[in-house]
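One structure is given below, represented as structure tokens, and several questions about it will come after.
For reference, chains read A, B, C and D in written order, and residue numbers begin at 1 within each chain.
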Amino acid sequence: MVVIMRKDATARQVANLVSTVEGWGCSVHLVDQGEQYKVGVIGKEHPDIAARLTSLDGVDAALPGNHPFSLASREMQVRDTCIPLNGTAIGGDCLTVIAGPCSVESRSQMLEIAHAVAEAGATALRGGAFKPRTSPYSFQGLAEPGLELLAEAREATGLPVITEAMSADQVRLVANYADVVQIGTRNMQNFQLLHAAGEIGLPVLLKRGLMSTIDEWLLAAEYILSHQNWQVILCERGIRTFEPSTRNTTDINAVPVVKRLSHLPLIVDPSHSTGDWHYVSAVALAAVAAGADGVMVEVHTHPDQARSDGGQSLKPERFAELVRQLHQVAEAVGGRVPQSHAS
Amino acid sequence: MVVIMRKDATARQVANLVSTVEGWGCSVHLVDQGEQYKVGVIGKEHPDIAARLTSLDGVDAALPGNHPFSLASREMQVRDTCIPLNGTAIGGDCLTVIAGPCSVESRSQMLEIAHAVAEAGATALRGGAFKPRTSPYSFQGLAEPGLELLAEAREATGLPVITEAMSADQVRLVANYADVVQIGTRNMQNFQLLHAAGEIGLPVLLKRGLMSTIDEWLLAAEYILSHQNWQVILCERGIRTFEPSTRNTTDINAVPVVKRLSHLPLIVDPSHSTGDWHYVSAVALAAVAAGADGVMVEVHTHPDQARSDGGQSLKPERFAELVRQLHQVAEAVGGRVPQSHAS
Amino acid sequence: MVVIMRKDATARQVANLVSTVEGWGCSVHLVDQGEQYKVGVIGKEHPDIAARLTSLDGVDAALPGNHPFSLASREMQVRDTCIPLNGTAIGGDCLTVIAGPCSVESRSQMLEIAHAVAEAGATALRGGAFKPRTSPYSFQGLAEPGLELLAEAREATGLPVITEAMSADQVRLVANYADVVQIGTRNMQNFQLLHAAGEIGLPVLLKRGLMSTIDEWLLAAEYILSHQNWQVILCERGIRTFEPSTRNTTDINAVPVVKRLSHLPLIVDPSHSTGDWHYVSAVALAAVAAGADGVMVEVHTHPDQARSDGGQSLKPERFAELVRQLHQVAEAVGGRVPQSHAS
Amino acid sequence: MVVIMRKDATARQVANLVSTVEGWGCSVHLVDQGEQYKVGVIGKEHPDIAARLTSLDGVDAALPGNHPFSLASREMQVRDTCIPLNGTAIGGDCLTVIAGPCSVESRSQMLEIAHAVAEAGATALRGGAFKPRTSPYSFQGLAEPGLELLAEAREATGLPVITEAMSADQVRLVANYADVVQIGTRNMQNFQLLHAAGEIGLPVLLKRGLMSTIDEWLLAAEYILSHQNWQVILCERGIRTFEPSTRNTTDINAVPVVKRLSHLPLIVDPSHSTGDWHYVSAVALAAVAAGADGVMVEVHTHPDQARSDGGQSLKPERFAELVRQLHQVAEAVGGRVPQSHAS
């Protein structure tokens, strides 16, 4: 339920609404939209709640949610959310290009790649220190020493750092080093982790589960938002289908669907959604043409020696060419978000 | 198995190869690549066939097929196939924009829409006279009178016409009226129909089965090619997945995958792959950014009155805006095919 | 829309209903349920049709269809359809076991296998004379000579014969030799073929499309039923999913779902739904335990020499053991259809 | 890599093997198979490891793993694992029937249902105290007070208790109350949780991820086994497909596949795999006919008042009827595991 306050509502009326609603055992999320307040009312759903809410002073309308998510919805916030990040931003008019290796492997590897992607035009740096691996016998990441190397690479390049946390404990540890905490595809419905991510002050990049519907994904974002952390970046990274020629299937439809349903920024990860460097550039360009706010791409200076995902990593020179094309496509579509959802 | 002849091979050597191979009970497809001949050898696979072939005079190399399809493969033909069509072409440097209603409904409807899409920049006209429908109780199309209206619309606008045939009989009927015969998604493995399409002299637009892998799709094309009809246009129209927010999932990965595996032109149909007009423009732009040779889009002047698929049809003014953006994106990516497959 | 006549309705009242409804441009299907008539009304759906129908003399009720299919639904016919076949039957209290090779390959192969499966307890014989093959270069079946061998095997064993037709022409040809015409998974929505199958007097075994929903499957059956051919046998043969360890995924849920929605008999084909003989017996037993009316199983005396699908064929001795277990499971569940749909 | 020791190998030879292998930086899992030892060697894979191992005294053979999992494989242990549980067992010759409500809701609800399922023939009791919920606004379970109610229900009925833990912390808490710790479908690849489950002394019921392959599932089991906790019970609970008529698709093929690949016991949860009580009995019977070691079924005395999953819960009387049929089917197939994997 989203309550829209009248433009001339007083602070007292807003406060009264909040205390009334909390008195019903519901929780409240207040959004200042400049001209007017919106209030997300979450909790008990009794039949006459809309009538009760609209009878309160200063209330303009009470809209039943069209979707199971509420805080993430366009109804709650019409304008796109824009998340500041080290002098740049994710969302709004910015084109985000996150790049780096799959795993942090060593100091020389990390610094070499960081400099290469910075030079090629990346706006942020990625790299995994904690690696979720299907097999217990695969390389599991460097852990905290990997985080230290990421922090060093940020110092060296000025690029903000994005890296994954796999548990509530790791969220707090990662927050000491990183600028954005990533929640991986296998953990999209790890609810403890979502709660922990909601309670830190950092932006969270939430990957879509490879088997999750868009509604489930936005509900996972809702877990984070409901802790008052509104800095959530969605990342489409491919879904699992019957097609065997690529590792996953990029759900390009998800780009305009999410842009219509939600105000949150959305990027696409073509490295994981294709699993093959031959297809990464084509799909990255498609993502921006479809209206995504950017891409996250794996880059490695020596893909054949990478400890994970070498086959889907671009070399720096090819990545530099991609960045040039991404800017051209972004310009061609006149901003990244075709405004069909505003129809 | 693809045999590459030496550049200085004589006609006699080529003829000798053909008769030798046919003597083994194999069939032969000869492709003149300008500088040199390539020969597709199809049939019995015995272990020493490569050795036997390379021992023949004039043979440069015999390449085992990497794929179950052979004639459709890049190994058989490196350059992109380009299909001439009423003064324009599909494939190569051309951007194809096919547009029109889902079904031909009446003379006034068809002519009104045909003029509208011609004016907006379409390069070909679509419209169904025979409609495959899941339910026996749904509108099944106008049949031959619908074909006559399509031919009239071509006269009026100059646009070539693409329409579907659902059986071998209909292929021959449709060929009397249309410029391109479409094989629909449910018929991708209707082998009688594929044989019939191989035997007419017209280009064939082959939609991917909504449950078919890319390999199966290229093998369906192979049925047509093996009748010496090389004018096959592939059309990605979405695959079936678990995601319910769109009718199908556009397999955008398929664009660079097909471009790498095959020389055939490829277009994308975002109307069927999304099932919702809100998402059509974003996905059409994505297709061209990813390297597709064009798009096929449903347009209707009165979508709310359409007898089928109204909800996924664009209005003419929105379609005109899309055509403008498509040209900008095609220019931004410098031709439609990012050259990652040439790496 | 299903109209239920009163038990004391006169023949004149029924005739009046039929002529009235046909006067509206609808078609009518009359089902004599012993105690009372039911009438399927198909065609124009205008809002007040239920009111108009119930106002006619002799009409007890007019039920809006809950499903897009009508003739195939339980609302139209509560009791299970039972299809007589050479002294036995498919559906009702009978356990159907169809067995035989994937393809008819030669006279000796066909007769050897036919005798083996007859001895082991099969109730009908399968074998493909026309083979739909993904690749144009694979064995395509013996065609009419294969049909002659099937007819000879029927003479020799007394088993009724089931074989596939792939086009309307083949339906008429197959009907000269076979007892049941099979429509394969790739042709489930080949509507010309469905119409042709509706117009012959033989039972039709309709395989589910490997990516078709249950509703689409029942609508394909509706195409056949709407030609007044009520002898339709449904066959679940596995759907396409992401799981790679078996060729397809047997949709065992489909057994109780179809039994609840429809009166048509249902069998399961575990050979195609698993693609591996190791798993065939387990899944066949599961099918009967879940309430299927029987199974269709590939059997070959020399699986390693089979021209198609050898890896999923049982040897005769293993098949004989399976038949024994199937009878025990059928007895254990007290008839094949757990009566949960009668709740 | 699985090393098989000779039957006459001495303890000294085994100890030497272990220390040698550990000296290479590999870890070792020793399995006493009665007649002979098997040793799982896990870690570095260098090309000549098999040759080096077979050259050691007392070694009979060194088998390269056919699968990415090793400890869970049939190669490691031919006989079925059987897990003792409060005087009964899961696996081997036992038919396991776990039943209870989706969520623990109150003392009276839990005790009433516990007595009902005990009387009807259940062998273990289920009930969720911590509930993973897609929406942050849904009922999240009673937490520790729910665990206390489960323990009280065990006292009252004698049935062992199975309940879910969603984090490493919860594993330790649940272990204070429950007999078996469940890992849910969304957490199948929550690796922290798998490690924690490996380190408690209790059996672990590992649900398959709804979009996980069988190989990924067995690798998740491998995480637990690699901590020396061999008491792992696999639970198939349906996978996500395109079919909308049931909540998930029961992968019945997975039963014989898992039985062939692994020695671990396997049960099926038809309540979640269908999502509709109408279909639960049919699919439960199918599971046991296919060779599963048992089923887990949701039962509620007042399904219409359940706080979660009421629509898929059986009433006690229907459950009692199901238990009777399950025993008949188990008897009909002569033990639960058709021995096709021993072919």
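For this structure, a couple of remarks:
The criterion applied here is as follows: contacts are C-beta pairs under 8 Å (C-beta built on N, C-alpha and C of every residue); 3 or more make two chains touch, one makes a residue touch a chain.
What you see is a predicted model, and the numbers here were worked out from it, not measured in a lab.
Relative to the C-alpha centre of chain B, the farthest chain centre belongs to D. Judged by contacting C-beta pairs, the busier of the interfaces C-D and A-C is C-D. If you average the CA atoms of chain A and of chain C, the two centres end up 48 Å from each other.
Here the CA centre of chain C is 36 Å from the CA centre of chain D.
Residues of chain A in contact with two or more other chains: 211, 240-242, 244.
The residues of chain C lying in touch with chain D in their complex are 211, 213-215, 239, 241-246, 249-257, 259-260, 273-274, 277-283, 285-291, 318, 325, 328-329, 331-334, 338, 340-341, 343.
Residue ranges of chain C in contact with chain A, taken from their complex: 211, 240-242, 244.
The residues of chain B lying in touch with chain C in their complex are 42-43, 68-69, 132-137, 166-168, 186-187, 189-192, 209-211, 216, 219, 222-223, 226, 240.
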